[in-house]
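Look for subunit A in each of the two complexes below; its partner is subunit B in the first and subunit C in the second.
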Partner chain A sequence: MTDYRQKYQMTPVVGWLLNDRGGMILLGILIAASILVPASNLLLPESSAFHVPTWMISLLGKYLCYALLALSVDLIWGFCGILSLGHGAFFALGGYAMGMYLMRQIGDRGVYGDPVLPDFMVFLNWQELPWYWYGFDMFWFAIVMAMFVPGLLAFVFGFLAFRSRVTGVYLSIITQAMTYALLLAFFRNDMGFGGNNGLTDFKDLLGYSLQSDGTRAGLFVASCVFLGICYVVARGITQSRLGKVLIAIRDAESRVRFTGYRVEYYKLFVFTVSAVMAGIAGALYVPQVGIINPGEFAPALSIEIVIWVAVGGRGTLYGAVLGAFIVNYAKTFFTGAMPDFWLFFLGGLFIAVTLFLPKGVIGAIPAFGAADRQSIITTWRKRLAERRANEGGKA
Partner chain B sequence: MNDAMTVEMNASDEEQVKSARSETILYVDGVSVTFDGFRALNNLSFYVEPGELRAIIGPNGAGKTTMMDIITGKTRPDTGDVLFKSEIDLTKMDEAEIANLGIGRKFQKPTVFESHTVFDNLLLAASGGRGVFQALFHRLSDAEKIKIEKTLVTIMLEDKRDEMAANLSHGQKQWLEIGMLLMQEPELLLVDEPVAGMTDSETEETAKLLRSISKEYSVVVVEHDMEFVRDLDCKVTVLHEGSVLAEGRLDHVQKDPRVIEVYLGR
Partner chain C sequence: MRNDMFSVLRRSPFLAQQSRKAFLCLGAFLVCLIVAVFALPERAMAYSDEELRNVSERLNVKSSTQKIAVIEEMAADGDPRVAPILRAMLDGNLYVRDSDEHVVITAKQGKVYSHIDIVSGEVIGESGSKEISKIKVNNRLRGVLRDALATLNLFSPDLAVRSNAVEQVMDARDPAMLPLLLRAIDREEDETLLARMELAKATMALAAGENTEERLAAIDVLASETTPQIRAVLSQFVASADAEGFEPEVVAAAKDALKSVEGRLSTWQTVGDVYRGISLGSVLLLAAVGLAITFGVMGVINMAHGEMIMIGAYTTFMVQQALGSILPSGSAWSLAISVPAAFLVAGAVGVVIERSVIRFLYGRPLETLLATWGVSLVLQQAIRTIFGATNQQVMAPDFMSGAVEFSTGLVLTYNRLWIILFSVIVVAGIAAVLRYTAFGLQMRAVTQNRRMAGSVGIRTGYVDALTFGLGSGIAGIAGVALSQISNVSPNLGQTYIIDSFMVVVFGGVGNLWGTVLGAFSLGIVNKFLEPVAGAVLAKIFVLIALILFIQKRPKGLFALKGRAVEA
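Let's turn to the complex of A and B:
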């Protein structure tokens, strides 16, 4: 096998991309999908067998957002051992930032026709826009906030937790508490985020109607692009020396400290990057599903993300993407066909994967048995050599 | 006149202490630490000179590992001074700071990064930037490569460089961990039970290794294995119930009746 790292020593980025079979496949699929899917939807007649209906584009776009969310969780859990059970919070915050922009885009087309105030504020008899809604009429500002707010929350939360050396189950529990606290806060009407109902009835984005096929296809492409970019960034992080430190922290945290690394800074860095990615996923998700409400903060949803990663295969990044697609496709299927069984199925799936596929679906595919691939090849070579030697001896 | 004499004596005492301190790489003085009412270290004092190889022995629970925890910033002492190079107060610092000062530590239970190769284990330990962004943009330099190869030879693992650390034998893990300490280029190495679980020949190799390391660095070795300590051929400190019971050459301390009673006689 050619070691591309040797060949492209001057360009490490090319090297680690070419050495990453799963990543290459993922990026290939994303590029192909971002061209073919919108083309077939927009160009082919509905009668064609290859026409992708708009509802399916939205569904796939939604899965892509979940995949990005799973990727962000795998980055911290798979590579640094930080089991966050509150990543739904960062996702939802990114979603709310985008939702606020979409609310302001409605303008005077709301039920009450107020040019500035969203309907729910008029309903609550508010006279003016709260200060934290300022700026959200600008798209770029909303995008920046969709990344900045989750990033800031993760930074502050992580600073406190990692500096106090909260790890393992205790960390997981406080991340659950964090998302639960936000759930309760966002339920309150006086928070100014639409309370129970959240933000919905969006009309358009950057002037394009959210109902139109073109906008939907555009959002789908954007989801592909951001998943691809975040994959490359995450892969770059994990392949760097920093990534090796992260894995070392996962394996033997105190050894890392006694080697002179400040473990808390490393955790803080990757936790914040991960939260920003989750925020981006949320911002892409909201215009495609048309609503964001406090339900996205539900602790159970955050646990579900971890299951996606476990099912796909922890610590590979592309495994997380695959897991998000498998589980969410199953969810779509079950909630349509047998809604009562979904949670049983999910629980059963998690137990089955933990017991029988500790490396997830990806780990069960020989070509991706990641770390073992090399050793499989060497074992085979050895066996071949032995056989030849034996045959030679006989002759 | 009497008074004057006392003052004079005190001054010269102090000077003596000062000069003793100025010659130490490690100065542990009057250290006590209590866990839930249990005194693990009790007014412990000992000094290690630069370039010295020192063995520390003592029965289980004597406080040997706790002593290392104190020196490396894992545990804070209730009282007492711990100075590095006669002036740097270690009791105020955390693990990473102390490691970066030049104190490397091998754990009692060998601890390496199991899912990294032997090479990467050494790379991660290599001295140099420990900052997050330095690590993110770090690229392996030739100097680092050469240093790693040298260390691989020193720790007798050159044919295992691409092996996952998880696949090493227990003894090899111990060596790898020692190699990681060397990569840190410390001035003082603290080595907790390096030959636990090793075969006899491995034990001999390890004694040789530590002796050669001690030519360049100051080394403190905690060990139970008497044969091994004899092989090290150095000054021995005997700990018992958190304080020093005896100190000197191994033959000398082995004759000490108190040492025989608590440790060697059993």
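Let's turn to the complex of A and C:
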């Protein structure tokens, strides 16, 4: 591959963008989609062969949010070796922040017609708005909170975990405990987040009806834009000097520490950034699907996010986006066509990807730098050889 | 039957208040006494046949107030034969024959009413609906009838009915029942029930007693008991003492009694919390102990561990179905057969998983985690496809149903007791296998130094497979026990997987005793938090505490020391 940076003597940013073939394709697709898809939905007549129906826009918008979530997981897992099994928690917190704004926007159009209190609070005989609901009638505040709350949780959680050097599997297990604790907490009616029904029945966003084609197209474009921005940010982080340290931490944490780097600060930074991205994904997700409930905190969903990344190709960023699209399209297809088969497929995918496709779909495509193209058999042989080597190392 | 003479004397003033025909009754009671003593000495019968007929016929009046007076008179007498009459009246089956003004209980068959004599209980004729008229009851009367029936049960010949009635009286604490209760105490012969009656008497005498001595005596009786009920009685009395103007020494004594009852109750509460904690801990231990082997000893993150428990539970179900034709349902034998069956089935599945998936992933814990999660999804869906998504019914054998109940409110259910015992046996068994068998020795050798173990001729791959099989099989055994207390559904494993990992991580990886201690301490902490914070919040607190605990001790309570940790 030509190194464009050397060839054209460009600024570093443009350089690492041009060096990234997958990223260029991804950004190209995102730009094209954000123009063509809404245009074909809004401008072309429904009879046209190129008309994209509104449900399709919502579906694609949902996939884009999942892709952003997968991107955030790949940033920490692929580049820093932090396997978070609780990233769904950050996603859901972002979603709740947006959901609270949308609840406040309902105003007196709810079933009980209370101008301030959401329906579920009237139903529970609450007299006034809890303090943590203040400010969520302002859009900017909700957006800030959708990033701040997941970021803060990740910062506190990461500070505690990384400082005391909780790594590997232990970290995965306590992230899972975190999202499980939040799941239980959000199921409680006393929390003031609508209990197990969550927040729903949204009416409009910034004055635009959520049901209209225009708003849906707008949300789709916003999802494309945020995915693009976050991709560039993530790519920037991984290509910077800081990114090199992250990769070093992934591969040999103790050695990096002994070299004099404060490993925990690097980890904390990237973990927090990743949580903020997940929060943005959640905030974009909620208006497009119209509901947020504690089910989003389920540990099983958080584990599923990891498989999106693994399927696409860990440590490539664009691979995570691809993986999210592949797995979620498969989910839509299977749950529609043969629901019984979906878990077989998903479970099989987990096994097959970890055994046969350690680099994911991207790694199997030669053009994307699959350095060692192998058949399945050679992969197995290599695994066994590695294991023997490991046995030696362990002893 | 004892002290009939006194009972009559005591009854008289009460009746004088209640009824306008007290003197007539007194005469009748003398007759009844003779009948009772000479004719039917073993039955506590207060009315003569004639008297019963007469008093019943007085129910045939228009005014509800008069009817109530008669009902209370009848109930106050305590004759067991009164109960069916009042019951019939309550049900609207008490009629008056127009021909001879006789009161009869009727049983309706089609359009024919057969008449049952209120005294003898025999059928004495039948008629259509026109020849008889109903003794009408309204809602007020129904209430009175129900109360009357409740007190009448105090005199029932059936011990169980009597003791039930005493509990009802104790719950109601209606001072008006006191005289009746006193009569019941006179007649009662069963010692246990007599004690309960004395207690019930004391609960009423506390407020309704006539003088200071009676009250103090009542407090004495109450102070010796330890039940939440008595605490309620005493605290209610203390709270109302000012308003009612009770004697200061009585109030002081009541306060002392309340304090001692509360003290003993809180001790029992603690005992109960510890027991419930141990019970929850034993469940956690059973769920986690298999994982302590696969994760703790082998270092394999087995997310399909919960599904091994599920497979064990379904094996129990299958064994019961298969043996259903041979053995009676809920037989202890089918459970006994389920234990080895579940071990073999889950163990075999474990060996297959190890040979086909996990062995390629040793040394890559995070990838093992993902692959075994995939396995768990496939197993869940397989079970769902085969058995359906609904819960399956697993029968509990007789020796596991029922409970020991203490009057202090502590209930020990047998299934929980058995599970505690079972978990102890399972852990002891595992410890013995690890310590005393050749396989256990090989297993420990392979974990400690794989290459050296291989060099001295241990087939390490073979030991890996068997170790994983052992962990899975034990999870299967846990499934047999857990099928008795939780729903056997495809989601069974999911409910235990996170808890299991918490227990193992808390206890410290690679240490069986850490797992035991971890399970019991998590269980007990959870149960102590529950009364304070509620079940869900308690669980959240425990999870947060665990997350913080891992910050302090990243390798659990009992961490392996030395280089082995870093491998």
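Here is the rule we use: the second predicted complex is superposed on the first by the 363 of 395 C-alpha atoms of A that agree within 3 Å, B and C clash if a C-alpha of one lies under 4 Å from a C-alpha of the other, contacts with A are read in each partner's own complex, and residues count from 1 in each chain.
We adopt the following convention: a contact is a pair of C-beta atoms (placed from the backbone, for glycine too) under 8 Å apart; a residue touches a chain by one contact, two chains touch by 3 or more.
For clarity, every value in this text was computed on a predicted model and none was experimentally measured.
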item	value
Room on subunit A for both subunit B and subunit C (clash or fit)	fit
Touching partner for A:258 - first (subunit B), second (subunit C), both, neither	first
First, second, both or neither for A:266, with subunit B first and subunit C second	first
First, second, both or neither for A:43, with subunit B first and subunit C second	neither
Which superposed partner A:170 touches (first subunit B, second subunit C, both, neither)	second
First, second, both or neither for A:299, with subunit B first and subunit C second	second
Per-residue touch tally on subunit A - higher for subunit B or for subunit C	C
Partner chain(s) touched by A:241 [first = subunit B, second = subunit C, both, neither]	first
Partner chain(s) touched by A:116 [first = subunit B, second = subunit C, both, neither]	neither
Shortest CA-CA distance in Å separating subunit B from subunit C in the superposed model	7
Doubly contacted subunit A residues - partners subunit C and subunit B	none
Residue ranges of subunit B touching subunit A (in the complex, touch as defined)	72, 74, 94-96, 99-100, 104-105, 107, 111-116, 120, 123-125, 130-132, 135-139, 164, 180, 184
Subunit A residues touching subunit C - in the complex, by the definition given at the top	83, 157, 160-161, 163-170, 172-174, 176-178, 180-181, 184-185, 187-188, 299-300, 303, 306-307, 310, 340, 342-344, 346-351, 353-355, 358, 380, 383-384, 386-387, 390-395
Of all residues in subunit A, those that touch subunit B in their complex	12, 237, 240-242, 244-245, 247-248, 250-252, 254-263, 265-266, 269, 371
Subunit C residues touching subunit A - in the complex, by the definition given at the top	301, 303, 357, 359-363, 365-371, 373-382, 384-385, 449-452, 454, 460, 494, 498, 501-502, 505, 536-537, 539-540, 543-544, 546-548, 550-552, 554-555, 567
